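In the two complexes that follow, chain A is the common piece, with chain B as its partner first and chain C second.
And then the complex of A and B:
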């Protein structure tokens, strides 16, 4: 049993960290914002956390809070040009944002360590802390979802024009969305740095973008559980079947195409829809029985 | 020195135009932001190189192979990925996600094929000669590239604006449902646009593969990013805008690499992108479509 835990502890840690990053991406999609900025925010959070911990000597908790705040501020700044834009523009712009940050991290060697990045970061984010962080993020999102913000996100995702007609300020809620997504991704990036001993610019490029997008699409875009289920499936699959690990690109790519075409709601959302349909059917049948009786 | 940099940048930019035109046309006509266009470009370059290396074809024939290969990959992309999605009425997010997935599959294939190596053309495959034109050194390669790009662009414009097939394509881009009622078959139009844009991407792939003499499975990623900046600057869907924007981006890139720094080149390019998005999100040239912008 002890060896079992030791073997799979690093995988479990990875699932927690990527679970948080996927939740950040989930916030964007849920709010109807076609933003792919999660890797960029994660990069900011990771460097902020690493610099706070290693160079200023504050504790890891302050470091994580600082990283979260840095992500949120980055989200607000990014929202300035992007909150008013719809359609494919945010997608293109946020990919540009990611690329700018990666090349700045490579260039600003005195601060970021260049291509080698930071090494020797103490492993302060151990498994219990990671689980606590996931629980905290999930709790926060669950609260947000129950407030007017969550309802506004739902309305905007389903139909922008209707949302505007209902008096919802799309630009305002897009700003909120960017800040929230940035904060969560900043925390996720910081935990990645605190868990894996190092930060390198290359970690925050296209592979991370593809992974967090794939988890949310696979799991489902409208529920918190969707992002987490997607993360577990995508990270455990390569461990279960060896050929899947060697052909990771192929598996991720084919999954993305097949899921978005044939199961566009994702695993969790499809199940929920089926359940609500059967419940509705049963209720209408019961109603019909009563009426005939 | 400065004039030389301007000229070299413009030549590279001309090849970017072939690539970016495909991106902007598919978006302008079918509302698809095709993230797999870079993979099509890469496959065109790879097929052109293999035609020289293993089939021993001459460069013009290899160029033709690259064009046909790009068209083939692009058409398969439409048939296997975008058509099933259209049938199920996918939205913008789903086309983006599906094309990212498709590009991963195409990347994986090329990675297996090349063994993740960077491949090169054999030495002297292109007979090089240099000419002095008013202080600018011009190579025979650059002249051929400029001529080829010009011919392809003119052919594209003639096709779209002077042939019945091109009129069908433009009809579908204005309104798919109405043009179907008028007897246009959308499936055939999609086939044409994807074949055409794939061919242009394949041509760009072979040209840039020769220019930098390096072909690898990752080469589509960089040009995809430049392509995004180009199509935003040029206005999504606009042909003249895209050509001018490509030349501008090629020049800007060659100047930043020469006078500022290679590492910062990407950051400067995308800095420009953000400025455009803040000032004029529709680009600086009028496109085929008016973009939706809320609030």
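And then the complex of A and C:
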């Protein structure tokens, strides 16, 4: 058992970190914002966390809080020009944002260490801390989803015109959405830095973007569990499919196509939909029985 | 008291005058109808009143407040509720949640409280749920509380939309062709609901095509043709007005 845990601990750690990053992406989708800025926010969080820990001598807790705040502030600033955009335009703009940050990290060598980034970051984010961080983010999102913010997000996602007619300020909640998504991604990026000993600009480009969006689409867009299930599936898959290592991307792509075709809402959402349909069918049958009795 | 007043409202799209010099007032507790043939400018009026379009001239007043050119959500927060010509519900949400989202303008808890889930937020939530159930009960839809709104029949969806508007506790309600696609029985039932809302003190502006429905329900009717007001008055006056008959049936 001990060896089993040791073997898979790094995988488990990675699932926790990417779970948080996927939740940041999930927040965007949930609020009806087609933002793809998660890797950009994660980069800001990772560098902020690394700099705070290594250059200023504050502890890892302060570092993580600082990284989260940096992500939130970046989200707020990015929301200023983007809160008015609808449809695919925020997607394009946020991809640009991500690319700019990656370039900045590469060229601002005195601050960021350039292409080599930061190395030798102490591994302060050990498994228990990562689990605690995931739990914290999930708890926060569970609260947000059940209160007024979640209701506003849902309304905006499903119909912007209706949301406005109900008195919901779309611009305001888009800012809230960007800040929340930025904060979570900032924390995720920081934990990645604190867990893997290093930060490099390359980590935060398209591969991360594809992974965090794929996890949400695969797992389900409307539930917290969806993003987490998607992360587990996409990160465990390469391990299970070791013999197919060379065809890893092929397997991943095929899986996405299959899920989108047969479970268009994602794994968790589709299962929940099926369950609610059976419950509804049973209730209407019971109702019919009662009516005929 | 007037719930809504339009003063010399005008809207131009390039050279086209969609609405010209329209004056209209809708009293609280009354049902005011706005009718007219296709292309008369009814939808433009709706869009101006709800803030989707800004008027080229004139003013929109709600009570004593000038709401001309305000953003749609500000107008909604000021107390104007609306329904849509083609029912627009949050299709993936339950009937109950569709009603609860209507309470948004009555939310008093702060953003921070909502983030961390302070007790006040849960109290407010429980209160909204209780009030939403009360509205469902009033409309006889309690059994459908947990049903997905998109799965409802058309008539039921209409009713949910009105319940959502009612949750806003508006001073003024704009109904945009509420009986489109309904049969006479359904329309009559909806008419009774609308009358009940007006009796409760809400000012109602009814935009409609269905003449029989409008004639039977409205206290005052305004008739629009090619963007201009051609008649206004009680249903009897409108029914016998030659200009109205000409506009609807041709000369």
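Here, the second predicted complex is superposed on the first by the 277 of 293 C-alpha atoms of A that agree within 3 Å, B and C clash if a C-alpha of one lies under 4 Å from a C-alpha of the other, contacts with A are read in each partner's own complex, and residues count from 1 in each chain.
In this text, contacts are C-beta pairs under 8 Å (C-beta built on N, C-alpha and C of every residue); 3 or more make two chains touch, one makes a residue touch a chain.
Being a predicted model, the structure only gives us computed values, none of them experimental.
Enquirer: Between chain B and chain C, whom does A:164 touch in the aligned arrangement: first, second, both, or neither?
Expert: A:164: touches chain B and chain C.
Enquirer: Please indicate which partner A:176 is in contact with in the superposed arrangement: first for chain B, second for chain C, both, or neither.
Expert: A:176 sits against chain C, while chain B stays out of touch.
Enquirer: Considering only the touch criterion stated at the top, classify A:249 as touching first (chain B), second (chain C), both, or neither.
Expert: The first partner, chain B, only.
Enquirer: Spot which of chain B and chain C makes contact with more residues of chain A, would you?
Expert: Of chain B and chain C, B contacts more residues of chain A.
Enquirer: Is A:143 touching the first partner chain B, the second partner chain C, both, or neither of them?
Expert: second
Enquirer: After superposition on the shared chain, which partner residues are touched by A:154: those of chain B (first), chain C (second), both, or neither?
Expert: The answer is second: A:154 touches chain C but not chain B.
Enquirer: After lining up the shared chain so the two structures overlap, which partner does A:206 touch, if you call chain B first and chain C second: first, second, both or neither?
Expert: In the superposition, A:206 touches chain B alone.
Enquirer: Residues of chain A that sit at the chain B interface in one complex and at the chain C interface in the other, please.
Expert: 164, 169-170
Enquirer: Of all residues in chain A, which touch chain C in the complex?
Expert: 140, 143-144, 146-149, 151-152, 154-155, 158-159, 161-170, 176, 222, 276, 280, 287
Enquirer: Please output the residues of chain B touching chain A within their complex, sorted ascending.
Expert: My answer: residues 27, 33, 81, 84-85, 88, 90, 92-94, 96-98, 100-109, 111, 221, 225, 228-229, 232, 236, 261, 263-267, 270-271, 273-274, 277-278, 281, 291-295.
Enquirer: State the interface residues of chain C toward chain A in the complex, per the touch definition above.
Expert: Residue list for chain C touching chain A: 50-52, 71-73, 76-77, 81-82, 84, 88-93, 97, 100-102, 104-105, 107, 109, 111, 114-117, 121, 124-125, 143, 147-148, 151, 164, 168.
Enquirer: Under the touch definition given earlier, write down the residues of chain A that touch chain B in their complex.
Expert: 29, 34, 80-89, 91-93, 95-97, 99-100, 102-104, 106-107, 160, 164, 169-171, 206, 210, 213-214, 217, 247, 249-250, 252-257, 260-262, 264
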